[in-house]
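The following pair of complexes shares a single chain, chain A, combined with chain B in the former and chain C in the latter.
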Partner chain A sequence: MPQGILILDRTSGDFVQAVFHEEVKTHQLIEAEQQWKPHRIAVTQRLLAAGVPKSEIARKSPQHVHWDWALKSKCLEGDPLALRCYGIELNGEWQGLAIVDLSMHVAHLEPDAGKPLVYVVFLESAPWNLRNMVDEPRYGRIGVRLIEAAIRLSMSEDFKGRVGLYALPQAEGFYRKCGMVCVEGMAYRGMNLFELTRDAAAAFLEGGSNVNTNE
Partner chain B sequence: MSIQMNNDKAWLSKMAMDEEYACVSAGGLYIRMVDEQQTTRKHPANDLLVLGRLVELARREKGMSVSAIAEEAQLDLTEVLAIEQGRMTDPEPRVLFMLAKSLDLPIRGLMELGGLMEQRDKSLEAAAVRFAANSEPTEQLTPLEKEALKEFVKVLAEYSEGG
Partner chain C sequence: MAAKKTMTLNLTNQEMAVLGQLAEKKDLSKTAIIRQALRLYQMVEIRLDRGEKLYFEDEVEKMKSELLVL
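Take a look at the complex of A and B:
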């Protein structure tokens, strides 16, 4: 069932009511992609207009600029029992989305190494909410809310709040501030594995994890 | 799934993570934008075969079937089969981690054979070739296979401890 949640309106500085959707369907992912794609294209166009050579576009763009949620919906359809998709919507626009896997991943960090966790397959805030996409981001706390949902889902599955994900290099700072720790020796295709332990998850929900900027 | 999100403004105020300055993103399609050189597997071509043989012999030494080890390691049966047959050209760290844990094999050694970590020198490769040459996929481990398995696991363990 959709439920009301607060997110930050960066224009007014106030918290505003948005809607948290526990189950986002395929057609809604396609809808989100239709909303987000023009903004991704605009980033590339701005770089080209600024004289950035085509060969440099990928390196200078946000590292997830090529993501396509319509394509991701295919993987959701392919494994509906293991994968869940949730998201945040406001005024008919998708502000953030995440796909998580509940079945195939385990923790590497003690004291829970080998025990199941919620693995974040994809997580993204709308392009208009990101400083490296637009000059004036519209809404904040989207990433925080999406991670909060992963932790609460982990709790509800009796995974004690454990969460894991491979982070894009540009996003590592955010995940560290969430209290996640880089798992050494598990880098994959240029990305590091980050995990949230049960204690760090509890700290996050208490509001204390943002002081944890160390690994 | 039914979860209850926190709507306490004081809590949300504390959760300022500077997320607007970075992508809040994670995931698997990053490969498309990674420099091709970065994604080239770091292992010699025969390492996948060696990895498969190692996993198979370690499993058989424990007297376990493929389905039993898949269940213990919480892996899909097809993943274990693909590893053993040297067909998994792009093994995920998760798969190797769980196999190493279930078969009591050194994780770093498996990562190197799987191409997820760069081999530190040529001695592992030489040991891997010796191991592959002295093992055959038969039902029972021969004394020679047992010796080859023991020797190669020792080399892998030395690698892991050295790392």
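Take a look at the complex of A and C:
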């Protein structure tokens, strides 16, 4: 059932009530992709208009600019219990989305090594909310709210708040601000593994969720 | 959070003992272990239905064995 959630309106500086959907369906992911895709294309168009050579476009673009939530929705086929997709919506527009896995990953950090965690497969704020996509982002705290939702889900599943994910290099700073720690020796395809321990999760919920980030 | 229903589960002593051991090892409630097992079982089924295979790999012995799920 959708619930209220506060996000930051960057224009007014006030917090506004958005809707948190704890279960986002395939058709809603396709809808989100239809909303977000033109903004992703605009990033590339701006770089080209600024004279950036085509060979440099990928390097100068946000590292997730190629993501496609309509394609990502395929992992939800068969309604797997292990995967959850949730999101934040305001005024009919999707402000952020995440897909998490509840069954295939375990923690590496002590004291909980080998114990299950909520693994964030994908997490993204709408392109119009990101400073590396637009000059004037519309809403803030989306990424923080999505991480908070992962922690609360972890708590409700008896995982004690443990969360893990592989971070794009550009996003590492954000996850560190959330209290996540890089797990050494676990890099994969140029990405580092980050985990939130049970103590860090508790700290996040006690006030860290007000962490000041640009996400 | 999705609504939950309650059911009675009948287990042998040995099954109950294993459930207890797993719950202790993973620091989960017995209910959470059962739910986790259900997720894993369904995920395996979904991926096998897609035509994928499930393997165990012994890195030391360099052996890979396919797990047949009935």
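Here, the second predicted complex is superposed on the first by the 205 of 215 C-alpha atoms of A that agree within 3 Å, B and C clash if a C-alpha of one lies under 4 Å from a C-alpha of the other, contacts with A are read in each partner's own complex, and residues count from 1 in each chain.
Everything that follows uses one rule, which is that a residue touches a chain if its C-beta (ideal position, glycine included) is under 8 Å from a C-beta of that chain, and two chains touch if they have at least 3 such contacts.
Bear in mind the structure is a predicted one, so any value in this text is a computation, not a measurement.
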Item to check | Room on chain A for both chain B and chain C (clash or fit) | outcome: clash
Checklist entry - Just chain B (first), just chain C (second), both, or neither: which does A:Q45 touch? => result neither
Checklist entry - Looking at the overlay, what does A:E22 touch: chain B (first), chain C (second), both, or neither? => result both
Next on the checklist: Looking at A:D158, would you say it contacts chain B, chain C, both, or neither? Reply first, second, both or neither.
Outcome noted: second
Checklist entry - Which partner does A:D112 reach: the first (chain B), the second (chain C), both, or neither? => result second
Checklist entry - For A:Q34, is the partner it touches chain B (first), chain C (second), both, or none of the two (neither)? => result neither
Checklist entry - Which partner, once the models are overlaid, touches more of chain A's residues, chain C or chain B? => result B
Checklist entry - Touching A:T11 in the superposition: chain B (first), chain C (second), both, neither? => result neither
Next on the checklist: With both complexes superposed on chain A, which partner does A:A82 reach: first (chain B), second (chain C), both or neither?
Outcome noted: second
Next on the checklist: Tell me the contact category for A:M104 with respect to chain B and chain C: first, second, both or neither.
Outcome noted: both
Item to check | chain B/chain C common contact set on chain A | outcome: 22-23, 104, 114, 116, 156
Item to check | Partner chain C, residues of chain A touching it in the complex | outcome: 22-23, 77-78, 80-82, 102-104, 112, 114-116, 156-160
Next on the checklist: Using the touch definition from the top, list the residues of chain A that touch chain B in their complex.
Outcome noted: 1, 3-6, 8, 10, 15, 20, 22-23, 58, 61-64, 66-68, 71, 84, 96, 104-106, 108, 113-114, 116, 120-125, 129-132, 137, 140-146, 148-149, 152-153, 155-156, 165-168, 170-171, 173-175, 177-178, 185-191, 193-194, 205, 207-208, 210
Next on the checklist: For the complex, give me every residue of chain C touching chain A.
Outcome noted: 1-2, 25-29, 31-32, 35-36, 38-40, 42-43, 46, 49
Checklist entry - In the complex of these two chains, what residues of chain B are touching chain A? => result 1-7, 9-12, 14-34, 38-39, 74, 76, 92-94, 97-98, 101, 107-108, 111, 116-117, 163
